Amino acid sequence: MIRPTCFMAIAMVALALAVGERRAAIAQTPPASGGAVDPALLEDLVAANRVLATEGVLDAYGHVSLRHPRNPDRYVMSRSLAPILVTASDIMEYDLNSTPVDPKGRLSVQERFIHGEVFKARPDVKAVIHSHSPAVVPYSVTQVPIRPVYHMASFLYVGVPVWDVRSVNDPDAAALLVRNGALGKSLALTLGTKPVALLRGHGNIVVGPDVQTAVARAIYTEVNAGLQTIAIGLGGPVNYISAEEGAARDKNPGDPGRGWDLWKKKALGR
Amino acid sequence: MIRPTCFMAIAMVALALAVGERRAAIAQTPPASGGAVDPALLEDLVAANRVLATEGVLDAYGHVSLRHPRNPDRYVMSRSLAPILVTASDIMEYDLNSTPVDPKGRLSVQERFIHGEVFKARPDVKAVIHSHSPAVVPYSVTQVPIRPVYHMASFLYVGVPVWDVRSVNDPDAAALLVRNGALGKSLALTLGTKPVALLRGHGNIVVGPDVQTAVARAIYTEVNAGLQTIAIGLGGPVNYISAEEGAARDKNPGDPGRGWDLWKKKALGR
Amino acid sequence: MIRPTCFMAIAMVALALAVGERRAAIAQTPPASGGAVDPALLEDLVAANRVLATEGVLDAYGHVSLRHPRNPDRYVMSRSLAPILVTASDIMEYDLNSTPVDPKGRLSVQERFIHGEVFKARPDVKAVIHSHSPAVVPYSVTQVPIRPVYHMASFLYVGVPVWDVRSVNDPDAAALLVRNGALGKSLALTLGTKPVALLRGHGNIVVGPDVQTAVARAIYTEVNAGLQTIAIGLGGPVNYISAEEGAARDKNPGDPGRGWDLWKKKALGR
Amino acid sequence: MIRPTCFMAIAMVALALAVGERRAAIAQTPPASGGAVDPALLEDLVAANRVLATEGVLDAYGHVSLRHPRNPDRYVMSRSLAPILVTASDIMEYDLNSTPVDPKGRLSVQERFIHGEVFKARPDVKAVIHSHSPAVVPYSVTQVPIRPVYHMASFLYVGVPVWDVRSVNDPDAAALLVRNGALGKSLALTLGTKPVALLRGHGNIVVGPDVQTAVARAIYTEVNAGLQTIAIGLGGPVNYISAEEGAARDKNPGDPGRGWDLWKKKALGR
């Protein structure tokens, strides 16, 4: 299954991780702030939390982060709180080792290391989502790969790797949560250059070049998983979206703003 | 699978398409308006958008069009907007080449060519719906045909063809969207004289002699697909509605107004 | 599958049907009213319509009838209207040939003959429901019988027969609707002494000694069908509720009022 | 399937049951009250009823009990009422033989013996839930055991036994309800030291050291059952959460308060 292009992607990610490592070593505790984030961006982050809860991707758990727009070594994310309840005042700032800049007594998300390590490994990524996306979870414990059955999820054509926490020799691994940087780094390595990776017996991570794209990918990964399950249940071969089609669609997307505008209106009532 | 009646239907459609072609050649840009549309009809079109979203056939995408009541060479359809948000002021007018009469800076639906080409090919059709009807999508990527399992969807007895965009030698085909007239024409040819056709890895189109019938067909195609999936899952042969029954029901429908009245009330709150 | 007890039940029903036939021959058009029905009973009938729509058993179609409390040769039922919209003023009265007592220009339900014929055949029945109960429909087109998987649906232990309209030599049969007394009588014969029968490719009928019991049976038949589908999907033999258990539960029901009170509150908001 | 650890657990439970038995023999009718319960705890119990109904675990039936905080021989539970309607004034007090302390004419839940007998057998348990959890019921009538497919339900790693009422030689057994202490005791013996047990053709019981934990377990048992059904449907071996992982997670839970806070807000609107 390791093809040349895949191998090169892994090599690129490994390199990025090494760079991130050096950066981390330099960081101090508590880290300095990357500066105030534009309120419109924070509002998008709040909206993303609520949209994903409204659309059934996030339940009481799961989280969404945004890379700091002017300081790529910082990211922002809500304190530990059910996503549907998140407001702008719940957003905290972290460095890429996931150390909070100024916790003010607020409880950080335990699995924030997912976000810091993905931001280290993937300079192109500006938003990271972690969810227990229900239609997706079954694919994390079977040998059936998620593949795109319809064009709204064509971005899945590159493949959806599954990361198993047991592959990491770490004392935190058995409890199944990504509670430290080593686990987060291993997960980021499995993600490679792709938009989505599954966590075995857990859920998924979805990334994007902006929070709107990441949200759309998370929603359509959930929808696609449900439709793929039905297609498999009908029996016989499934006529998946091909790599050629996926690549062509990546270059000629439809009208992504239409989804975001609706979801935001549904979630925020405006 | 090509039976005499099916062949004749295809021949009729091919003829209609040829007529449409000549008509298109005469058309100018920007086309002239077909005249104001009765507000009650526009309200039905708005209701159709909202009903189909409320009933789970349309999500953020998909669209509904209505042939101009006094000028069969024109049709009306909302600008690119999530269907649940459509109001009368969002409705635009197009000629059958899907050129907007007076865009006023509004963004047209990219896949409007579906509508124009179906209206060209099918003089009997007054309303066209394109959706990502979720229970239907899996049937577009498997070899299991949609067939009617209950009487509300008996109109499916004529068969539900699946159109694969890859069958068209067109530069836009790979990106999976019906972005030009050639793709729309090919899809219309596959639809033939039928009420419903699937787009592989995409969704479906549903047509009718009026918007209420098209809406009912879209809703019951979705419901039927879900029930058919369950019936197949139970195992053993499925006792589908027969061609004789489907034809008899076409001649003696039940009380279709009852559905429309309820759906409209649910969607519009009145 | 015809066992002695089943045969006796059919004989009893055939006898009841013959009695009903004589009664019908005597009836005049328009029939006389059986007298005013207690408003509290009418309110229960209105509630039943709304409850069944709220609980997902009825959609835009389907209907609920109540035998006239003081005149067993009459029944009451809403005019043709989506059940969720029914109010007391929509209730019409019929004789057992399903001729309206005083239509006042209101459209009667086309399939009212289901109700009249079941009331003729089953003196013990005081309420009849006809629905397109979605989880149930697939069982009407497969060879898998509905059987009880949990105690709330233990009343199904007597078996759920499937009636196929094609078994009746009647000009209305092909269009799949129970549009006359002959079709209704045939369906009632298939129901026999049981609480539930399916109509192939259509839905079901559910009866009870009062409207609350009929409603509970309709809801739990729907729930049971969904759970049975899952159980079958898990594979291996299913450990159904036995006849002994079903009979014991019939004699020692739980607390049926608890369900009715909740459903009514949900549907009517009080 | 009887392993040494399982045998020891059963022995421990048998011992606890014997102690409970002696306690029961001493109890008088009507039993004395264990004293007023802290209103905050009662509010948690009310919230638990409403949360489980809102989250789809409880329907019109099912119930939640809480051991008396200062008198372990008493427990409190709502009178027979749909859980979504429960308020603090509906809470009644019982001794462990499930005799009400002061019924005041209120109807007790018929299956309250489940609660009394589990509290007798399990001194560690402070809250008991009985439900018809819909995704769970199918596992009670098949030979497929519920096992954890994701980390939120890792507590299921100890196994989920299925209790069949037919295993008890009791006149009430055939009617399928746990209507007396003997049936409740048998169920408690099957539960053993575990958090969840199924009742064949009926539902489940879920216990916890506090009402919040029991509620979370009931919700995630329901979610897990649904996801497991999908995973099994996808085909091939399922990569369940291992015993080592389940045990590790028990010692290092995530952030359970986050779920409770959200569910309570959704159910109570505050």
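Brief remarks follow.
As written, the chains take the letters A, B, C and D, and residue 1 is the first residue of each chain.
In the analysis below, a contact is a pair of C-beta atoms (placed from the backbone, for glycine too) under 8 Å apart; a residue touches a chain by one contact, two chains touch by 3 or more.
Computed from a predicted structure; not experimentally measured.
Common neighbours of chain A and chain D: there are none.
One simple way to say how far apart two chains are is to compare their mean CA positions; for chain A and chain C this gives 50 Å.
One finds 36 Å separating the Cα centroids of chain C and chain D. Annotation for chain C: residues 233 touch two or more other chains.
If you draw each protein chain as a dot and join the dots that touch, you get one closed loop, with every dot joined to exactly two others. All chain pairs in contact, by the document's touch criterion: A-B, A-D, B-C, C-D. Touching chain C in their complex are the following residues of chain D: 60-61, 80-82, 84-85, 107, 110, 132, 134-135, 137-144, 164, 166, 172, 174-177, 179, 200-203, 229, 232-233. Residues 148-152, 154, 223, 226-228, 230-231, 233-241, 244-245, 247-249, 251-252, 254-255, 258-259, 261-263, 265 of chain D are the ones that touch chain A when the two sit in their complex.
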